[in-house]
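There are two complexes below, and they share chain A, which is joined by chain B in the first and by chain C in the second.
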Partner chain A sequence: MDNAVNMVSATRALPLSSRVARWFSKSWKHFILTPLVLLWLSPMIWIVLTSLKTKVEVFDPDAGILPAVLNFGNYPATLSVAPFGTYLLNSVLVTGSILIAQLVTITLAAYAFARLEFPLKRLLFSLFLLQVMFPIYAIFLTNFVTLREFGLINTLPAMIVPFVASGYGTFMLRQAFRQVPSELSDAARLDGCGHLGILWHVYLPLVQPTLIAFGIISVVTHWNDYMWPLLVTNSDSVRTLPIGLGLLAKSDSGADWTRLMAGTTLVVSPLLLVFVIFQRRFIDSFMHTGVK
Partner chain B sequence: MSSSKFTLSRRKFLAATAAIPAIGLAPGLIRSARASGPVKLQFMYPVGVSGDINRIVSGMVADFNAQHPGIEVEAIYAGSYDNTEQKVITSLGINEPPSLWLPINSALQTFLGLDALEDITDLAKADDIYDDFLPGFLNTCISDDRLYGLPFQPSTPVLYYNKDAFKAAGINKAPDTWDELFEVAKAVTLRENGELKRWGLTIGGGWHDWMFECYCRQNELVPWQKDKVLFDRPEAVEALTFWKQMVDGGVMPPASTWQGSANDFLAGHTAMLYHSTGSLTNLRTSASFEVGVAFMPKNKTYGAAQGGGPLMIAKNQSDEKKEASWTFARWMTNTENQAKWSRATGYLAVRKSAWAAPEMQSYLAEVPAAKVALDQSQYAGAFLQVPGYHRVREHLKSALDRTLAGEIEAAAALTEANNNSNREIQRVMRRQQS
Partner chain C sequence: MSHSFAQVWRKEVLLAYALLLPSAVFLAVFTYWPILRSFWFSLHDVMLGDSRIFWLGAENYLRLLDDGLFWKVLGNTAFYTLTTIPLSITVALLLAVALDSKLRGMSIYRSAFFYPVMIPSVAAGMVWVFLYAPGYGPINSALEFLGLPRLDWLYDSAWALPAIVLMSIWKYSGYFMLILLAALKLVPSDLYEAARLDGVGPVSRLLHITVPLISPTLYFVIVIGLLHSYQIFDYVYVMTQGGPADSTNVLTFYIYQNGFQYQDIGYASTIANTLLVFVLGLIGLVALTLGRRVHYMGER
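Let's turn to the complex of A and B:
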């Protein structure tokens, strides 16, 4: 704070030209970043604008970029197509449960692979990696059969259970654990920590950025998943948001753009909101994982 | 009882073991005890035209359930046609198919190959199905003279045109033959300083193999039989050569996408468009100009291929469920419901009596374009009902795309697609036999 005040008073004392030069040298990055921000924002803005237009306006070459009249009617019209409220709740429950379950399983598995010695460790780890390489579509039917035997078809757990373990997450976290100096865990052991204690007090705080990065990837993947939820659910009461969106992207007649965009706004805004709130943490986490 | 220790005598153990099979049967007993309650059916359907269809279908199903206390139908939205097929085949894989589903009519041989469909010929003959359904639609569900479904939401491609663009070019009627089509397309193509402003004609991509079959049929060729395709026939080569001429003549883009082509038409970037009748409502209500609808131009004859789908009934289920499924399929396609469904969605009603109904007559007076598709449907037949049609479609589309892009001659491309497709069909049939 003191520094800032000093700098402001120092700037004031300088002649205009050097003040501009200093301002420029400090903020030249904005000149590059502002166009990039606009570029990144333009699809979002376009989505919102389209969702406020009438059907005719969307493709009329004479109509402007902005809707002539703000037509909020597309939102209720979208909501009437399917119970989006239920879908939203289900999406949150499914994505949240998957994330929590994955964080537990990948932490334990990654610790075992990174720091413990046991027979067949390498073979097992290779199998984990193999799981990453299998396209999900290849195991749809077997997963479906398993879930049916559990009696889970058409329930929320049907969308959660197949994803509670993650080969990708285990691999990512194992690499992160191996970066942590073993002296730290040795010290913790001397202080009387067991495996879980070491994991909790030493490893997890140090790999927080990796955990967050994985969390984002997992949430985005499962939030947008369409085919699997469609396959294992039948009733509206257990379905998720992308299925509602699918209703508006029609195959026979070209999409219903205005309502599709209204729906898209509704589906992406929760994620966007979360991102804005935790922005600083997310960016930090990617910076750290990137540097390593 | 005297001892808290768990004691298990040999006799008790044997008795318990013997009881296991009986316990295993218990769910069966419970199920038959429940049979006096309503018969529960699952019905899987896609949504192809408008999100509102979801509401319309579930509304119809709710009405049905209210009118039929003995039957309870669960309406299950299953994505697009492809998604629906995947979901149904997955359920067939575990021997628990839904009672009814609504696939695209091309899937008929696919499901017959899986032995999944109930033969409803006798039920239909005892009813008025053969008399009242439009024969062109009913034929899409017939294989070897047996009926395997009730047409529910048929569509065909039609020619949409921009009336304002036509007026500006001094043309007052839609083209009626291939030659006229080419001439009109030349007249309405717009170029300013060599830069293209408007195509004369666009054939909706992604489904252009469907349009191509229409062109074959306009040349008096049905380009497939139950167990093979006939893409290498001269009639088909002539049709593709005609497409290539239009591309070379600069009036038609060599490629487009299904949604993109509809968007281009609405934005005035193409003056004519081959697209599904299913798009009628959307194009009519979204265009800033007057939309004309016409028959697809003829060559030797008019011709069209049916899109859309029938209601199919599963073979692998109890007789009680089959009977209830028939009641439901029959109800969904009755005169009153078909008239309502057609008006609400733009799909064509399948019954003659539905078209004669007063509400349908007033709809036709209001939207004369709907009549065009109906009239054209008497020239329409089923679309590519061969086993493994997904792969066959890809082979054909690849041949069309490569020819129009100028990579290969029409005849060579179609011969190649023909051979690849027939090999694929043979492979699927061999696998099904074993």
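Let's turn to the complex of A and C:
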């Protein structure tokens, strides 16, 4: 106790220069990281600042970085040129349907792979895993032809059906199911529970963190998806937010950055807001996707 | 007894197949059927919206060999993949090592580097078009301020693809950083302590202790990076449409051009098959070279 007190007073007695040196050796990282963080944030800051400028200011080299007067008029202007409400609704419907469908398919398949024995199990599991290697970017062409034959082009289901099965999600959930101690399911079976009852009452409550992690990744991926919705839609009634934003850029052809950046702020902010509120959940989900 | 066991077993098999059925149907229709069909198309003359189909044999593949633009596009794709992945993983590793200690404000830093992942590719692409604008873009203003020459970026065939690479580093490093951070947490800190006491400097600690110990995760991040590199389609579509002079045309975009703009499904499928072989080949290469040298802690 006495020693500790002595040490504290000894630290206080150090000359200023070595106290600075000590402080610097502890916090030098901040001097490197803070500029880097600002660099990383600058595109987002630029989006928001530009959305509050006037058209003249954007092209005026002497105008400075900050808008002279906060000009909120770009927001109503953006909302009046495109049906952002419809885009938003479509985005919610598409992303939500994909999520629900995926949660059902991966839960059922993961249970079979984790807890049941059947012929061809290994081959089937490899076929599920291999899907991860064949994303839509590599097979979009034939999928487009298939959906055309089904008559689904320019409908909401066209944006949903290619993503209903998820090899990646099945893999994640199977790993989680295998962590559940088998005593728990044995006890439930003695109580007269069948496989589906055990899945519902024992397994699903225990793997909730994995379900949430997968859900977050799925929502972020499909909410932001651009290529596939772009190819399979051709009218405003089914377009999603990213497609609407892309169209706005095309029609403005770079001339009206203020309106475009107001649109970008509107499209980017729902997900960023949810991210800021549930930061820890998001970070954990993405962090542990890499750890097997 | 054995009879009832067989019955139970048969019931379990039936249940397993029933549980797999929903996934299997969608996997078959939207992943495996397209791959087979794409191979079939590549052997034919098929036009978009035309139900007729003519046998060509290997002709599309021979055409591919003679197509100068295809080789340029393949080169661009290789350039993008082989610069973006190493650079963004290096940035990610340095960030992860810097953030790994009990640093104050750690969670703020982490989120600030990670948030670009949350931004839709179309929005990211558009903002960077603005940032790169030769006349009034802030990047050129910053270069001028530093006394460096202004560049034409997306309008210059030498700089357009590197410009997309830079943007991709901003977009994806944060994601790789998070995965690496999770792995760094598992490295026992007494190893660093021992090395420090032996007078090992920070650079060799990074190269000889950290990198080998997190090599399984690094390997995984490389594979994830390869799969993410497909997304360059979005940026090319939004930022350059493959130009100038096809300097940013990449395989996914070339497939789109042939299939949707020229409606030549047969030839586009041939390129798509090449893309699959390209990516599977790269993953195989990574598995054979790096995968073998991966150091697993504990088991193996």
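One rule holds for everything that comes next: the second predicted complex is superposed on the first by the 200 of 292 C-alpha atoms of A that agree within 3 Å, B and C clash if a C-alpha of one lies under 4 Å from a C-alpha of the other, contacts with A are read in each partner's own complex, and residues count from 1 in each chain.
Note that in this section a contact is a pair of C-beta atoms (placed from the backbone, for glycine too) under 8 Å apart; a residue touches a chain by one contact, two chains touch by 3 or more.
Remember, predicted model here, so these are calculated numbers, not experimental data.
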Which partner chains sit in contact with A:Arg259 here, chain B, chain C, both or neither? Use first/second/both/neither.
first
Just chain B (first), just chain C (second), both, or neither: which does A:Thr105 touch?
second
After lining up the shared chain so the two structures overlap, which partner does A:Ser18 touch, if you call chain B first and chain C second: first, second, both or neither?
neither
Which partner chains sit in contact with A:Gln179 here, chain B, chain C, both or neither? Use first/second/both/neither.
neither
According to the stated criteria, A:Val56 is in contact with first (chain B), second (chain C), both, or neither; which is it?
first
Return the chain, chain B or chain C, that is in touch with more residues of chain A.
C
Which partner does A:Leu116 contact after superposing on A: first (chain B), second (chain C), both, neither?
second
Using the touch definition from the top, say if A:Ala82 reaches chain B (first), chain C (second), both or neither.
first
First, second, both or neither for A:Leu271, with chain B first and chain C second
second
Taking the superposition as given, does A:Thr146 touch the first partner, chain B, the second, chain C, both, or neither?
second
Chain A positions touched by chain B in one structure and by chain C in the second
58-59, 61, 140-141, 144-145, 148, 226-227, 230-231, 243, 246, 254
Interface with chain C, chain A side, in the complex: residues 27, 29-30, 32-33, 36-37, 40-44, 46-47, 50, 58-59, 61, 65, 104-106, 108-109, 111-112, 116-119, 121, 124, 127-128, 131-135, 137-146, 148, 161-162, 164-167, 170, 195, 220, 223-224, 226-227, 230-231, 241-243, 245-246, 249, 254, 257, 260-261, 264, 267-268, 271-272, 275-276, 279-280, 282-283, 286-292
So in the complex, the part of chain A that touches chain B is made up of which residues?
55-56, 58-63, 78, 80-82, 140-141, 144-145, 148, 226-227, 230-231, 234-235, 243, 246-248, 250-256, 259
Quick one: which bits of chain C touch chain A in the complex? Just the residue numbers, please.
9, 12-13, 15-17, 19-20, 22-27, 29-35, 37-38, 41, 48-49, 95, 98-99, 103-105, 107-124, 126-131, 133, 135-136, 138, 141, 170, 174-175, 178-183, 216-217, 220-221, 224, 227, 230-231, 233-234, 237-238, 252, 255-256, 259-260, 265, 268-269, 272, 275-276, 279-280, 283
What residues of chain B sit close enough to touch chain A in their complex?
42, 46-52, 54-55, 74, 76-81, 83, 86-87, 90, 93-94, 96, 155, 258-259, 262-263, 266-268, 275-276, 278-279, 281-283, 285-288, 307-308, 346
